[in-house]
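The following blocks contain the structures, represented as structure tokens.
Next, two complexes with chain A in common: one pairs it with chain B, the other with chain C.
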Partner chain A sequence: MIASLRRLSLLACALLATPLSFATDTPTPRDMWHGAVELQYAELSAASERLEASAARFCQSPDEALRQRLENDWLSAYQAWQAVRFIQFGPAEQNSRGWQLQFWPDRKNLVGSKVRGWLKAAEAPDAQDIASDSVAIQGFPALEYLLYDDAMDEQALSDPAACDLMQAITTHLADTTTALHRDWQAFGEHYLETADYTETTLASAIQTLELLEDKRLGEPMGLKGAPANGYLAEAWRSGQTVRLVESSLEGLRTGFLPGLTALLREADALPLAEAFRDQLDKTLVQASELPPGLVPSLEDEEAFRGLQSLYLDISQLRHLLGNEIAGELGLVRGFNSSDGD
Partner chain B sequence: MPAIMLRRSLAGIVALSALMPFAPVAIDTAAADTVSADAEVEHYADLAHANYADALKAAQALNERIDELLANPTAEALSAAKQAWLQARVPYQQSEVFRFGNAVVDDWEGQLNAWPLDEGMIDYVEGDDYQHELGNEGATANIIANEQITVGGETLDVSAITPELLADLNEIGGSEANVASGYHAIEFLLWGQDLHGFEAGSGERPVSDYQTGDDCTHGHCDRRGSYLDAVSDLLVNDLEWMVAQWAPETEGNYRQELLAEGDQEGLRRMLFGMGSLSLGELAGERLKVALEANSFEDEHDCFSDNTHNSHYYNGQGIQNIYTGSYQRLDGSVVEGASLQDLLSQQNAELADTLHEQLEATMARLDAIKEAAEAESSPMAFDMMIAPGNEQGSELINEAILTLVAQTGSIEQAAGELGVTSLQPDDAGHRF
Partner chain C sequence: MHRRQVLKAGLGSVAMALTPLSWALPAREEAAWLFSAVDDPSGAHYIAGVALDGQTRFMIEVPERCHGGCLRPDSRQAVLFARRPGTRMYVIDGDSRQLAHTIAAGKGYHFYGHGVFDLSGRYLYVTANRLEDSAGLVRVYDAANAYAHVRDMPLDGIGPHELKLMPDGDTLVIGLGGIQTHPDYGRVKLNLDTMAPALMLLDRHSGEILARHEPSHHQLSCRHLDVAADGAVIAGYQFEGPEWEIHPLTCRLDSDGHFSELTLDDELTASLNHYTASVAFSRVSGNVLVTAPRGNRVLLLDAAQGTLVASLALPDAAGARCDGNGGFLVSSGQGGLYRVTPDLAMPELLASLELRWDNHLT
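Up next, the complex of A and B:
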């Protein structure tokens, strides 16, 4: 998975050899990435704790205002996760934390069957029960089922079975994101000392854009050889698919772009960083102008054209990073993960 | 068919002797300690040919048992057909290492080994426990019970169940879960749904599902029989085609195309296949997803509970390419130029490391197989992935770790052998 990056290794050697004063004055790309991502994990952890508290308040005295707040807190925490989802290595891959937060794609509706299983259970689960069960019950999609699935029309969220389950999941989620934040801090020294993480970070961002293009938009929109299928979209139950895409793009803007710019400046290729920033901004504007959901746009020609524009913008962004910038930096990424399957 | 089975190419024999110091022809050419990449790729094609020939032979035996079952549906005949299916998986799962990297296999295999499937497209299912792909209109089509089905707004005449019809229906409506054909469709028709969840036990289809008149259970026994007959014929046809693709001295087949590509491309396809099956497919899709999601819907051989063997023989297939040897169903061994020897010439230490890692993986996969086949309290794969089964998850996690480790060395081996642009298929998963 780790591609070789000859020129960058040379660059890294050159950086190690630079005088200390230079190194302290000018943060390295990995310094910048580590710092920015730390803030993103801090926000994810804080938002998850707000969600946990919000769930507890709603369950104590369920009313419409508290439910609205709960839904908002769920979305904010889910968006905070999207922002830092481009880091797919390090603490995020320990214990499959990425899947714990968001098990996706879920073609066979495992989320639905796990939630229904717990709703029928004789005893309500606690956070520990959730921790030892499937990743499908542990994350934002399971909460989304409780908040939005049609099946919940027949069972009030305030019912003890549903409320206890929701609280167990939000507690587990808050625990996981707190640990993630703490572990990222502890991971810092290793990350900063290990030159290979420069290419790992780049490869992880490229993969994020590929996932956005192919799986998060292309497949549900029916652009990948099979008919459109809204169930393949993320957050189809709440209709927030496009908002999550937007948050991932914003996360790249704040968490990834500064380090990338520093890296390209060192490589004397600043115009590429500017081109990436401009394309990212254009894509962000396009995403923000679209309605929040993807599924309704499948049936609406004009709205679908908007989605297509977003898809094309992301495709160009992916090309810039995965081909032009990776090429300039000598990042060799043979064929992509869809080859051979 | 035995004619194909026994034939071995002249080139294959030369490559074989080149590795055997005691073979008289080899010594003069100094080939005893030098392996050429050309010989390597040629032998790779021989391995594929032998492997698919075995898969075909085993599928023919399965087809015969199925014909016997349909002629005389008894419990014994059903049991014999199931045994033949289990045997047929042994060579086929080893052949999966040829899938990645060789588009001719990858484009073809969906008709043979696609999974997980929405089995309600084929036959009756029990509603409460039936989880199908969201948005898949074909998931409850039930071809056996209906002479017409509607998928994707299209009404299809399925009154005559033929191999051609099943080939056309596969992945209909664009859903990969609409699996009308192949090993898993046959598995479902022999075993039926596994309604035991994480508990012991596999599918329990009664043989009366194939009996006639008043003895017929679940209705439409004649159409169920036609389906089973057609789907096993199709499997044999498909494998015949693939054997021909790898047969020596056959004008215009895939083997010729591969050999014409040159040794670097051949090595790339070999290594890509090994790495992709190790990491993305076996460690990822087949082990990690099932374990982390505690999902028996993601179990490979979910009707028969033969998953441990499917995984084991996937691992064996990867090792076969490295050691250049394949043990055939009749017990004989096909041997020849090994990737290990080729790699040793460049980096003996790495060659040994990879050898040990492949051995370690086989030991972990064997531990899973042993646990699943234990005489007292066996633990099948669907029990291992149950929430809270620490022993089961440890067995699986250890296999994942050794597979990840060997993938790292396969990547390094590619670098040593001058293969560029190698990136294993991780099927979207990272470890």
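Up next, the complex of A and C:
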């Protein structure tokens, strides 16, 4: 979390002095963030329900077309989560919901052992069993194991054990994202009334870019002091690592940028908002031109150069937000305040 | 004024201001060290011993971020503990300014970042997690025998955190956080819906649980605490539930065993963002200081009355301990070391170091 926002406090005083009619006519940055994020949570909830229905259809009459549809729906819902993953506070933090949707990184392959455990269970789980088990079985990575892991070559997804497990997970996932959307709406009044959330939202976006740079790309690519290791990448089983990164960037474009622009306009620093938008767009183009997976690119010199360009673009984006824009707004990162114990 | 000059001027006044402290700090008969876990700006982890002039210091690099610590009575040793889910504790010799021992929690266990000695300085009591069943334990170590592990005392609960010795010398008071974590899951909190935190009393000889007081909400994680000379305990909570709710963040256990929560006004409570870090009693007055890094604030409370004495802005307020003169030393995650006293309108900056102090001062 961030310790001080000196310029903004001054600005808040200045705003208080302006006529109310002016203030109410102009949506504040938090108004814009809350509205945009609500749409993102709505999409996540809808996509998760489509995934749940798709899993049920496939299990009823498994065929290749329905399986393809299922894989697409899994990816769409996972991407919808990536888009709004930059909100790391509020209802997403409740009951570790963010972790429920995506337990990662998973250095011990807990996802694999949890799924294998349930596949061998005497009785098939329902959504309640999934809810009371660990975060490793609750989210998109567990479904990814069922859809893509090599071990599933020996067991058809249409087997009752696998299908029951998949449906229990997708039902739980749909429940969780529906609750998330509903709770975000209810959270609105508190979010809009509490000035500190401007800082919180910015800090959360900065952390998202740091995570992208260091953990989601830097570590699996071997840029963080240890050799490259594709198993550290998200979605290595499905080979969609880069697509997920792209979705997170798109989510910042639609969910975060408008509020940021309004904030910087208030602070009379619109050029910084434009610089951030331009860099974000450039990064998005770079991401969209890369193959979807990260692991194959570790062995391919040219593809790896493409990944490096993406990494550098994200690094610049992180610098713009975490240093230049944060500096302009007078933000100071906390140590214990962001990660105490 | 040039920034460097400001710093120098600040440090000059420190040395003068701190002279009386060096003899007045309890358990510090001679000028000695304040110990704290710190990170440097690059993110490397250290245990720092900082002299009371704020300038002289030594740093011991350690492989993991550390958290709290305790002094060994009648010795020049201090022990600092790896932060959850760390697995080591470090015995520092204040004379040689070196690491004297590194003790591992052992396979299947990790520490929570706090420990305390008995009055003789022989037995060390450390909060720990037994991973196979997530059992919260107090592990006992024998400092006279190279810190050999002696026995475990189960707490019938999850996530013990800070513990202190009561004035009777026989009873431990323990903040049971209630949060289940596992190293395989990193810092993911695994049981937020079923937490059962408590403020507990434990007989350190028999291991018998003497009292278990539950906070008013099951997601109020009881974490850090201090004990007054008369046996009154103040403990600080961290609320793990919905951030739009308001709950009390401190509780009190009177010397007669009566448990209650301190209710401050809602606006102040909300400004702490559900989080307290260190709790430190004054040894001179009935005041207790609580740091709230997420509120960038320290609270000074009248412990007996349960009322607010002062609420002072202090960025990323972290570690705290009494200064022996009725005031407190407070560290900041941003590098500052401050003095807070009831009669100062704002914290007095004693020194500013290029360090990130972790949540506790020893």
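Side notes on the structure shown:
Definition applied: the second predicted complex is superposed on the first by the 325 of 341 C-alpha atoms of A that agree within 3 Å, B and C clash if a C-alpha of one lies under 4 Å from a C-alpha of the other, contacts with A are read in each partner's own complex, and residues count from 1 in each chain.
Here is the rule we use: a contact is a pair of C-beta atoms (placed from the backbone, for glycine too) under 8 Å apart; a residue touches a chain by one contact, two chains touch by 3 or more.
Note that the structure is a prediction, hence the values are computed from the model and not measured.
After overlaying the two complexes on the shared chain, residue contacts for A:A174 are found with neither chain B nor chain C. Within the superposed three-chain model, A:V135 lies in touch with chain B and with chain C [touch as defined at top].
Shared-chain residue A:N229: touches chain B; no touch with chain C. Chain A is touched at more residues by one of its partners, and among chain B and chain C that partner is B.
By the document's definition of touching, neither partner reaches A:A55: not chain B, not chain C. When the two structures are aligned on the shared chain, A:Q94 is found in touch with chain C, with no touch to chain B.
Contacts of A:D196 after superposition: chain C is touched, whereas chain B is not reached. After overlaying the two complexes on the shared chain, residue contacts for A:M166 are found with neither chain B nor chain C. When the two structures are aligned on the shared chain, A:F187 is found in touch with chain C, with no touch to chain B. Looking at chain A, you'll find residues 1, 3-4, 89, 93, 96, 99, 103, 107-108, 110, 134-136, 332, 334-337, 340-341 touch chain B in one structure and chain C in the other. Partner chain C is touched in their complex by these residues of chain A: 1, 3-4, 89-91, 93-96, 99, 103, 105, 107-108, 110, 134-136, 187, 190, 194, 196, 332, 334-337, 340-341.
Of all the residues in chain C, the ones that touch chain A in their complex are 39, 67, 83-84, 113, 184-186, 188-190, 192-193, 241-244, 270, 273, 275, 277, 293-294, 296, 315-318, 333-334, 356-359.
Those residues of chain B that touch chain A in the shared complex are 99-101, 106, 116, 131-135, 152, 173-177, 272-273, 276, 279-281, 288, 292-295, 297-298, 387-388, 411, 415, 420-428, 430-431. Against chain B, in their complex, chain A makes its touches with residues 1-4, 88-89, 93, 96, 99, 103, 106-110, 113, 132-136, 207, 211, 215, 225-227, 229-232, 332-341.
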